[in-house]
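Multiple structures follow.
Next come two complexes built around chain A: one with chain B, the other with chain C.
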Partner chain A sequence: MTKSQRLFEVYRTGLVILISLLIAMVIILLVSEEPGEAMKLFLIGPLDSLRHIGNVLEMMVPLLFTGLAVSVMFSASQFNLGAEGAFFFGAIGAAFIAVNWNLPPVIHPTVAILWGGLIGSIFCGIPGLLKVKWGSSELVSSLMFNYIAYFFGLYLINYFLRDVNAGAMVSHRFVETSKLIKIIPKTRVHFGILIAAVMVVITAIFLFRTRWGYRIRVIGTNIRFARYSGINTDRAIILSQVIGGFIAGMGGSIELLGMYRRFEWQYLPGYGWTGVIVAILARNNPVYVPVAAFFLAYMRIGADIMSRSTDMPNEFVAIIQGIIIILIAATSFLSKQRHKMVVKEAMS
Partner chain B sequence: MTDEPDAILRMENITKIYPNGIMANKGVNFSIAAGEIHGLVGENGAGKTTLMQILFGLNHPEEGKILLEGKEITIANPNAAIAHGIGMVHQHFMLVPSLSVAENLVLGVEPRKGVSLDLPEAIRTTEALSKKFNLKVDPRSAIRDLPVGTKQKVEILKALHRGARILILDEPTAVLTPQETDELFDELKLLKDQGNTIIFISHKLNEIKALCDRVTVMRAGKSQGVFAVADVTEQDISRLMVGRDVILRVEKSVAKPKKPVLKVQDLMVVNRFRKKAVDDISFTVRQGEILGIAGVEGNGQRELVEALTGLGLYASGDISIGGKDIKKLSIRGIRDLGTSHIPEDRMTYGCAADLSIEMNLLSYTHDHPEYNKNYFLMDINAINEVSNKLVEEYRILCSSPQQEVRRLSGGNIQKVVVAREFSSNPKLIISDQPTRGIDVGATEFIRKRLVTLRDEGCAVLLVSADLNEVMELSDSLIVMYGGKITAYIEDASSISEEALGLYMLGLESQGPEEIRRVCHD
Partner chain C sequence: MSAFFDIIFSSHFGYSVLRVSTPILFAALGALISDKAGVINIALEGIMLISALTGVIFSAITGSAFFGLFMAVLFGGLVGLSLGYFSLNLKTNVILAAVAINLIAIGGTVFILYLVAGDKGISSSLASKVLPKINIPLLQNIPGIGPIFSGHNVLTYLAFLSVLFIWFFLYKTPLGLRIRAVGENEHAADSVGISVVKTRYIALTISGILAGFGGAYMSMGYVSWFSRDMVAGRGFIALAAEAMGGATPIGCMLTSLLFGFFDALANSLQLLKIPYEFVSMLPYVATVVGLVIYTIRKTEKIRRIQEKAAEGGNA
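Now for the complex of A and B:
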């Protein structure tokens, strides 16, 4: 991309976000009895206290992981939506280690996170394997696998980790050594955010500076060219899915060990889906993932704060996310302007 | 320049810029008179196809207008063009291979019986048209079984059937043998006598001379003027086309072939229609020689190349490169034997258009030690250095090696492909249509390089549908027809185009003994 085109993409993304926020405002105006208050809470609520800023950062952590995971998988043009299941299932794997094992601090969470990552990579690797072996659509199989992850995961918790004394269907408490430490006082922001930051750097280096990442990107742009060049496309496809799954599985484990005392999810937490939006906003570029994750986390926390003290439900975030996806995916959105820019460049 | 006769169609001040920023037409004026055959010449990339696609509604100009019989019209899509009586036969045919001639002819305007196609009626229509315009086709045969020349006739009939009075033919002779070309010219003259107007695109000047009344010359997106063909010489046109005198003559010494590098023995390839696409052929290519494969496209060349490079499978026979059997090797394995491949279709196989030039130059060598700092990291400096060097050496016109390949012109994209394939120390180069659709400068450059590599001891297999190229560049030639080798010409300069044409059409064939001479030990 030339510089001006890259600028154009930034401009386009910015405009998409602006439009979706404007639509959000309109919805608030139409629905709410107290639109002024609702808007204020939605837009600046996340900044009005350390606790709220902490909330945004906490929310960013899982989105960073799933956003990176999806970016890697999508970079190979594989539309694997298994990040959701890998996140959930990775967390369940970590829960087993956090409940049942006794290890020194630092080592305990490290082992749990790696184990969760491993489970995530198997989970996302299978749709990749099915794709290269039998050409079955990774989109469909990964969606199916998410259901398997959900039901099988709950089964495992229920039969092997359930604390019968607790009122709800939750696991036993995690061993204290397994937990990630909090790093900002008066918030729940935990060590996981630092791991996430490191992962952003590692993933960017992996995609842009290693031969494996190079192969993944070549496959993602033109798989026939990759094959012609002698790249083992099957292997690179599976690698991209395994790595994506690993990151998602790590994310699930970290979220669990940083934020909870027991495994208590009753539903798929949805971070994998949001990760898809993060990746789309970031154009599958790990470097932009933090920006996209911050934006989405901010919006969610804003909506959350708003819904707690006004009559606006926070589900309306889903509408905004939907609009963002549609506008960004619509390649023809602003294509006239883009063409004008090209024409101007060519004429000059 | 000639005075304007009454124009039936006029394009004024057409400017077209593609999304990749290439300005393919710059303020072009173009007009044709009723009942003439109007030549449109210019070297590859001059913007001829673009201009005609605008006329046919496939492209939309940034500026300019189109006047039909003096009235301004807008042509939003091909249907609108057809409604105005404008028809186009494309460079690449747009026919459904599995359907019959008649079915293709009526596609989109089918005669119906109830809800289904009235096939007998379609066949009658085809026969009637075929007779009227003297374009001989068999309505019942499937397109995929037809030779290229006949497919082209179907395309022309298709356009006429839809009511075209102005017929655009985009490089129709590029795929034809000399004999087929003559036949086409007779048919076109007949169409003209029946009152049709024809726009004939070519970059072969002798054809323009033989067929056209007037000619418009294009260079680098601009019109260089319109001339009565009788008033100008081929040299005049050529100078206008290229901006200088060019003689596309490859300077090369006599080949000194040494040991065979590629040996093909009794090779058989079966295609997806279960036809024997390559039917029991044997040949060798030796160090220091360029072996050309002449033949009309679709006679097994593609399948042969795919088998040799590992992109496709073969049913039986043996292929060895540098003494190694390739049956069990991956594409990578074959490349590691020193095989380079210039693919026929550079956009599909030859590049990743959305990645940078640099990334495209590395697709085979990216894991070699010289581009990796350690086990994990690639060496960005080494990569920059080598891509800068290659961009310079191959004179790739670009803003920087980081520019996306998509933004380059056809000739420069091909240079990226060639730079990559030639720079990995090849022992065998499989060069499939290496200069198709690119400008004279790049063509000259690539041909010279091939000769240089030959002189350095490379074995070169050259597949080309361009008769001039295959005759000029090859040391020896084989001709393929219907998946078989019909002739081996040891000295490529000793044969005439016409004689070659007879082999290409399968009208003549050498005996097995003569053909076997292409196998060396």
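Now for the complex of A and C:
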């Protein structure tokens, strides 16, 4: 991509976001009895206190991980939607270590996060393996694996980790040493956001500065060319899915150890799906993942704040997110302008 | 163990297999039509959810279950059509467009439910209607078999009849032929004057309509209310069922019944004190295993054909 093409993509993304926000405004106007208040809270609510800014940063952490995970998996043109399950199941794995083991501080969360990542990588690796070995659709099998992760995970929590005295269906408390420390006072922002930042850099270097990353991207662009040029496509595809799963699993573990005292998710948390939106907004480029994650986190927190003190339910964010995906991924959206620009550039 | 077989060989179990297979079968046929046109429709999940809510709302407003069904199916078709618009006109990758539709469906149904029923979880405050059950004369009196096949929801019978309709439509009508031609080789179809875009639009709309029936069944037959995420992956299971069924109507029916079997088993096994979560996993595990077995057999078949072709070439 040339510089002006990249600028064009920025312009296009900005326009899509503007359109989606406009649609959000229209929905609020139509539905709410107090549209002015609702809009104000939705748009600038996240900035009005340190606590709310902290909420946005907390929300960014899981989105950064799933966004990176999906970016790596999609880079190889594999529609593996298993980030959701890998995130959930990685957290289950981490919960076991956080409850049952006794380790020194720092080492305890490290082991738990790596274990969660490993579980996640197996989880996303299997659909990849089935794909290259027998051509089973990674799309379908990864969707099924999400449900398997959900039910199997709940089974493990209920039969092996459940605290029967807690009333609700939750695990025992995590051992203190396993938790990630809070880094900004008066908020719940935890050390995980720094790990996420490091992962952004590592993933970017992996995809754009290493041989394997290059292979994965070539496969994503044109798998026949990749095969023709002698790339072991099977291996690179599996590697991309394993790495994606590892990042997602890490994300689940970090979210759990940073934000919770027990394992208490009763449903799949949905971060894997939001990760798909992050990856689409970021064009599968890890460098842009933080921007996309920030935007989506901001919107979600805005909607949460809005729904708490007005009559607008926060689920309407899902509608906005859907519109964003469709427009960003719509290659024909503004394609004429893009075409004109490319022609103009070639003529000059 | 004998308790296990008592459950499986009871006519009650047979009845529930047909009951739980119904939504999967509708969606699998929807997956089949779009697959035949060369488009993967993973929006089935979201379409079913949207239609399930639509049926509940409109049947509650009008007091007519059949009007609710009509609107549910209409909305299903419209969402299918819009998937066509996104993928064929806006050129959004069809999988991403479908992911978007599913997201909109998950959040949007809760949003609408909250506006209409004042609750984010369940539609129990709406007086929605249920589609009637049909007792089949004569058949219902046969012991053993009668209780299995008679007394189902009208949509259950429609689902199994649809297998015939879809078979006839795909293999015996000009439009069916065009759909298959577009899916087989769009350039070849285009070269003989078939409009690829138009044909795919039609296929996606029919696919949406079928998923709409499945969704309506969920909230107006399977149960009598709408609850959030009530489709619970059935649209995705249907995709797997379609792939495993070898992309034929009869195959879809058999695999849907297989998943129905595991689903019903999951419901029944809870009586035997087997952990609920473990049992709920069964249909999904069965789906992956089935899909893998199917694709292994397929790749081996292709290899054998290639080997044969190679031998033929040498001779």
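FYI, the second predicted complex is superposed on the first by the 345 of 348 C-alpha atoms of A that agree within 3 Å, B and C clash if a C-alpha of one lies under 4 Å from a C-alpha of the other, contacts with A are read in each partner's own complex, and residues count from 1 in each chain.
In this section, a residue touches a chain if its C-beta (ideal position, glycine included) is under 8 Å from a C-beta of that chain, and two chains touch if they have at least 3 such contacts.
Note that the coordinates shown come from a computational prediction; the quantities given were computed from them, not determined experimentally.
By the touch criterion defined above, A:Val198 reaches neither chain B nor chain C. Once the two complexes are overlaid on the shared chain, A:Ile148 sits against chain C while remaining clear of chain B. More residues of chain A lie in touch with C than with the remaining chain of the pair chain B and chain C.
When the two complexes are overlaid on their common chain A, residue A:Val164 makes contact with neither chain B nor chain C.
Within the superposed three-chain model, A:Asn232 lies in touch with chain B and out of touch with chain C [touch as defined at top].
Comparing which residues of chain A touch chain B with which touch chain C, the overlap is empty. Those residues of chain C whose C-beta lies close enough to touch chain A in the complex are 40, 42, 86, 89-93, 95-97, 99-104, 106-108, 110-111, 114-115, 120, 229, 233, 236-237, 239-240, 243, 275, 277-278, 280-281, 284-285, 287-288, 291-292, 294-296, 298-299.
Here chain A touches chain B in the complex through residues 1-2, 205, 209-211, 214-215, 217-218, 221-222, 224-232, 338-339, 342-343, 345-347, going by the rule given at the top.
Per the touch definition, chain A reaches chain C in the complex via residues 31, 79, 81, 130, 134-137, 139-141, 143-148, 151-152, 154-155, 158-159, 267, 273, 276-277, 280, 313, 315-319, 321-323, 325-327, 329-333, 335.
Those residues of chain B that touch chain A in the complex are listed here as 17-23, 62, 309, 311, 330-332, 334-336, 341, 343, 348-355, 359, 362-364, 366-367, 372, 376-378, 380, 399, 403-404, 407.
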